[in-house]
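Notes follow once the structure below has been shown.
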């Protein structure tokens, strides 16, 4: 459930419907103020994470499989988007590995962890500013790579559009892109791919129920 | 090899290098005028396709596997981009199935072929104009979906930017996007995914050698 | 009366003029804060609706005719714009039928209600994000269709411009468009059309008096 | 049939299909060069009009009803778009009245013909440059008004975007807008409205068959 | 003195310098919050006008000449910009005549006052939204006309850019334009023109001292 | 008569009308190709100037008054726009003085001619690229100044938009601006101002007849 | 350390790491609210400057060399960016000379100080609005010049983009540009240049450690 | 002399002036068509290079110093801009070293030549597409670095704007930027820096004489 334009009453009503039919529910873009406005009982039942602004009901247990997805980012300011992707994957039972703060301004940080990154079949790359990280990783890593531009930056890179365009124009072949700050979308793309190998990902129904 | 800014002499020189080491080569964005300017012997060795503006050396044999990828498009004007994707897949031995002219202005055309589309693990959606096809397919088909916006349109949809933005903003979760008219990139993304299941796709090295 | 840039004193002054000559008045884009600042007596005489941010004086009675206009929307976040259109129609004595939350991410919701929608001579379609709903409805419904893009969305769809452009570039022929979030304008367009059949819509004078 | 991106062979193939089932066909955005490339027999059967770049098969007879639609324009450079609208209406048997070169730089030209314009239930306004004509006509005429921005202009008004935005932002209530240079779309919108009064417009099926 | 980015202490320091040399000073873009923060003595010496956000020191006496400049506007929301122009003219001893709320949505309001407007050698036209007023006045009035676009509007006309572009692209010859919301600049342009006739406007030194 | 979108036949028709009523006519934006297509007799009667792309009928005699208007430009690439302004002024009997190639990259060139420039009551400044010349002249010269941005430049200054914006944002008070490359408009603005002093400029009727 | 998106806890953690290894640290884009939230002990150790929003640890001693860098600006609103540049230079032991408020609207202010400016091998020019200062200084001063556009302005110059584009399009050869408001970047560029002459600038390691 | 908007006659006239006073002249943006139109004698005296579109008079002798400047580029399509920079440097007697085709899609190509690049005090980086090369080099090389974005690319990277913005937003501190495709400007910036060390670069007078 995308919560960004919803009133607390609307959110509780939808949660109650999920609970009635015994289904789990992932909440994204849930602002702290919105959580504050929920009833005490619902607040107690949600495992809210304020950095990624996500919650789930019932509580998401950490998957114990080996991580299928690496989530790497340029800087610590991208942590919110990384979190949204990781929490969405976990909700559907997929473990991920976070490798943050490896932006190209200090390329050696990325080089040091290259072998580790390459061991994951899917790599989600999260970057703002000028988005140079997408091309560099795309040229060095042969896994399936999803680029998530973020709205981190100032001046000409404001609002993520520059990073988005860099991802699209990247000369690394086979790189795919999702909308700005859309960690949830990147995780859903990873799930669509993983389902090709593992039919047991039955809990993920294309994500249709979670939207709006 | 991306040919769009290359001189005929440059193209021949690179082809000769490939031939010398016995490697196959895929040429994209190769204009008919460029082909005309090549030497007679090289022209004879390339299986040029003028609609997709691609060629390969040696000739690409049609893969005889069952198609793993469906390539669907909104209208016949998108045929060039569909062809680039299909020819790239074939070059790496992957069969595809083209289902064209199923745009949303006549939604029944898409609905009639929905079951057929759903049988492919990967679906490449090619659309220009307002790009409504991306969201409609994304909501109806659970496969892994790659959106390729095209520069077909006029007025406000000029040059594909509107279609691109529609793909990025689509409410269908897990849809991924490549650059405008980038059929080659969509095929490479499909190859990166298929390699997760099939290690034998060894001929595809992340596409690195083909770029520039 | 468009209230968005007006001081409470200005609003009261204009209302008093309307009352003096015995004319009804529709107020649009009236923020709750503005209502709070009105005098107690005027507040009592206005039937303010906080979702659509409209009010009228005297109170608008619900029209008892069969609905001539269907108002359909992609999601619950578009409710404010739908309300502005419905309230404007009601002010001029025209009944409408609201069919909300039928966006294309779950196309079956729209398909289930298609017969119902087709029974209205005029259909107002309200959608934000990528605006795919406009083309889908335009291809399936032969009524006169007015598209209202909304400023719902984030990332590349911010502020409604993407949805607006999708409406304009739609391949569905004969679709017409009004400004972003302009439910009032869509209702006025419907009134201009209905007046072609029904000269009794005398209360609607082209909308001239209500502007500014 | 929108011809702008089609090869002559494709056009002839579609025309032959129409002829085989005995249906009439309207061709829009058909460039003189495309006509030149058609076979001699098809050229003889099409009544091509080079200003509006439209043709029909069989020849369209001028409707003999009284005009339901006024088509007014700012200047003689808008003639191509006016022609596309008029020819589309005529193809479906609807007469129109053209009142051109009444732009606001010489407002008296418009004022002199105001009574004539007001006698039409539907008015299509065609204007480029800064698009001031839309607001002026919208404020003076109570008919149903469709604005068609055109790509006439230079400097900041290049490519019709300014005129489009002026139409959308117009303070005249109930004005509706179609895409830049889209005379065909304006005519289809008029047809959708006229069908509300006259069920005999059976030849117009929402325009679906003509698209792409 | 343009006050928009200045601290109260900076403003007082400059005012003190003006007072020391016995010069008058006009303050523009002076927010109410800034006035509140000035010392009590300076507040008493400034004749602040909160609508136009201007002040002067010493108090500006209303000029008693016949008005040389007409200031006309589309709607009451433009009052702030009209006021800035009128107060700047008055500061330099030039009387003006304000004719507001004559926008083109109700063209008769403008037509009723046309003779009055034509009697002024200089006409400042202030309009937001789609800016159609510029072309209409430019075509009807032979005086020297200065267009001031304003940031009034919503949707596509946000922030005045549409109105600005309409002014620049206007087909009325000899219309000149200043920046968005720049009533001060329009007044200075009028002063530069009036000085051609009247060398006694010695108090206006090209405006240089007032800037920044 | 603005010739840019007109056919030769249209141009000759309008010229014949002017000749029939014994009126002079100024032609702007008249391309050499258009002149070539005119009939031999009309070509002989027009005094075409290929740099400014203007012509007049009958031939314009150079005014023998002292120049009222200085036309200064940044570089020799702006000569076309300067010429359009000068020829328009001459057509209405106003002499001008051209001071070209005084751009700010070599500021001494401007400084050397400052006294000469200051002697003109009206100064038209023509500049492309980054448009710095507008602010510099605006700060140094107290005359009435009209800025004409030109489409000279490459990279980020393409098509004149940067120069236009620099003119509008200039901190020199009272600078006014016309559309990109609009030398004709600048001359008309000068004429509107000069008419304030000199009622004998009867030949200039606000320019209305020349437009479109 | 760029502080703009960092939490106080993150800032303190990084400062503690620097202190542990005995290294100095420069903090940029540090808002007053962030300083307020730091622990008392850290607040005491930082020499915070609220105008430039910079701090350093340990306290930066003013360099006693003769200034190598002139920092000149158009107006007092640019003081924050000038300060960021000056404080960054001082942190690395380089003295600078600030020459502010010499914008081109009053060109004589710049001319009066030209000889002084020319004595510095490196000149940093800081300007917002239309950015005319870059070209003027670039044409008059032969030193190495770095342009820093600022986000000072309103209307069309909002957010610094106009000033940035003016810097890039400047006709003064050899002018280089950094991002909007990036005083820190300009100082680093100066340091990279000075290091060419003076290998002793060992404290400046390309700036890598300070980023993010 | 920037030749892009100049007629052959203008070019010859300026060349003759240079020859008369015995000065050398560098011609940039000189198209092959322009060279064809020059007189035979001038063609013989110019050493035209068609890739960089530059010429000089008299012929430029290759400098025999050790190279002070490295010019590195992402791909062979950037050769024209690299050539313009190298030829400008050579004209003023400065040797450069070209290291091309080291784009980040194959990062090892850059890594292999890193030591060689680091030996130059000044590095000019030339890149189009998404411009990731700027950040990567900026993070790895401590020399003074000048970024030159190029107009190589398609789709969202059209016309170099994306590459330009990536350069400006780069997180590598102290990177400076010149206009799109401006190899000449980058060389002039290098010359301004080199002059700080070497007063003998007297032939380079800030470049002022070469402009326009």
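Note that the chains take the letters A, B, C, D, E, F, G and H in the order they are written out, and that residue 1 is the start of every chain.
Criterion: a contact is a pair of C-beta atoms (placed from the backbone, for glycine too) under 8 Å apart; a residue touches a chain by one contact, two chains touch by 3 or more.
The model shown is predicted, which means the values in this text are computed figures rather than measured ones.
Trainee: Which chains make contact with subunit A and with subunit F at once?
Mentor: Both-contact set = G, H.
Trainee: Do the two copies subunit F and subunit H share over half of their interface residue numbers, or under half; same or different?
Mentor: Interface between subunit F and subunit H is built from largely different residues.
Trainee: Considering only mean CA positions as chain centres, point out the chain farthest from subunit E.
Mentor: Measuring from the centre of subunit E, the most distant chain centre belongs to B.
Trainee: Could you check which of C-D, F-H or F-G has the same interface as B-H, with more than half of the contact pairs identical by residue number?
Mentor: F-H
Trainee: Could you tell me the distance, in whole angstrom, between the mean C-alpha positions of subunit B and subunit E?
Mentor: 58
Trainee: Give, as an integer number of Å, the spacing between the C-alpha centres of subunit E and subunit C.
Mentor: 36
Trainee: Could you give the separation in Å between the centres of subunit A and subunit H, each centre being the mean of its C-alpha atoms?
Mentor: Chain centres of subunit A and subunit H, defined by C-alpha means, are spaced 43 Å apart.
Trainee: Taking each chain's centre as its mean C-alpha position, how far apart are subunit E and subunit F in Å?
Mentor: Here subunit E and subunit F have centroids separated by 27 Å.
Trainee: Going by the contact rule already set, what residues in subunit H reach two or more other chains?
Mentor: 74, 103, 105-106, 139, 155-156, 164, 168-169, 171-173, 179-180, 208, 211-212 - these are the residues of subunit H that touch more than one other chain.
Trainee: Sort out which chains touch which and give me every pair.
Mentor: Going through each pair of chains, those in contact are A-B, A-C, A-G, A-H, B-C, B-D, B-H, C-D, C-E, D-E, D-F, E-F, E-G, F-G, F-H, G-H.
Trainee: Inside the complex, what are the residues of subunit A that reach subunit C?
Mentor: Listed in rising order, the residues are 4-6, 10, 151, 159-161, 164, 179-182, 208, 211-212.
Trainee: Going by the contact rule at the top, pick out the subunit A residues touching subunit B in the complex.
Mentor: The touching residues are 121-122, 139, 141-146, 164, 168-169, 171-180, 184-185, 188-189, 191-193, 195-197, 205-208, 210-212.
Trainee: Under the touch definition given earlier, write down the residues of subunit C that touch subunit A in their complex.
Mentor: Result: residues 75-77, 101, 103, 105-106, 152, 154-156, 158 of subunit C touch subunit A.
Trainee: Once bound in the complex, which stretches of subunit F touch subunit G?
Mentor: Where subunit F meets subunit G, its residues are 74-75, 103-107, 129-132, 134-136, 138-140, 153, 155-157, 162, 165-173.
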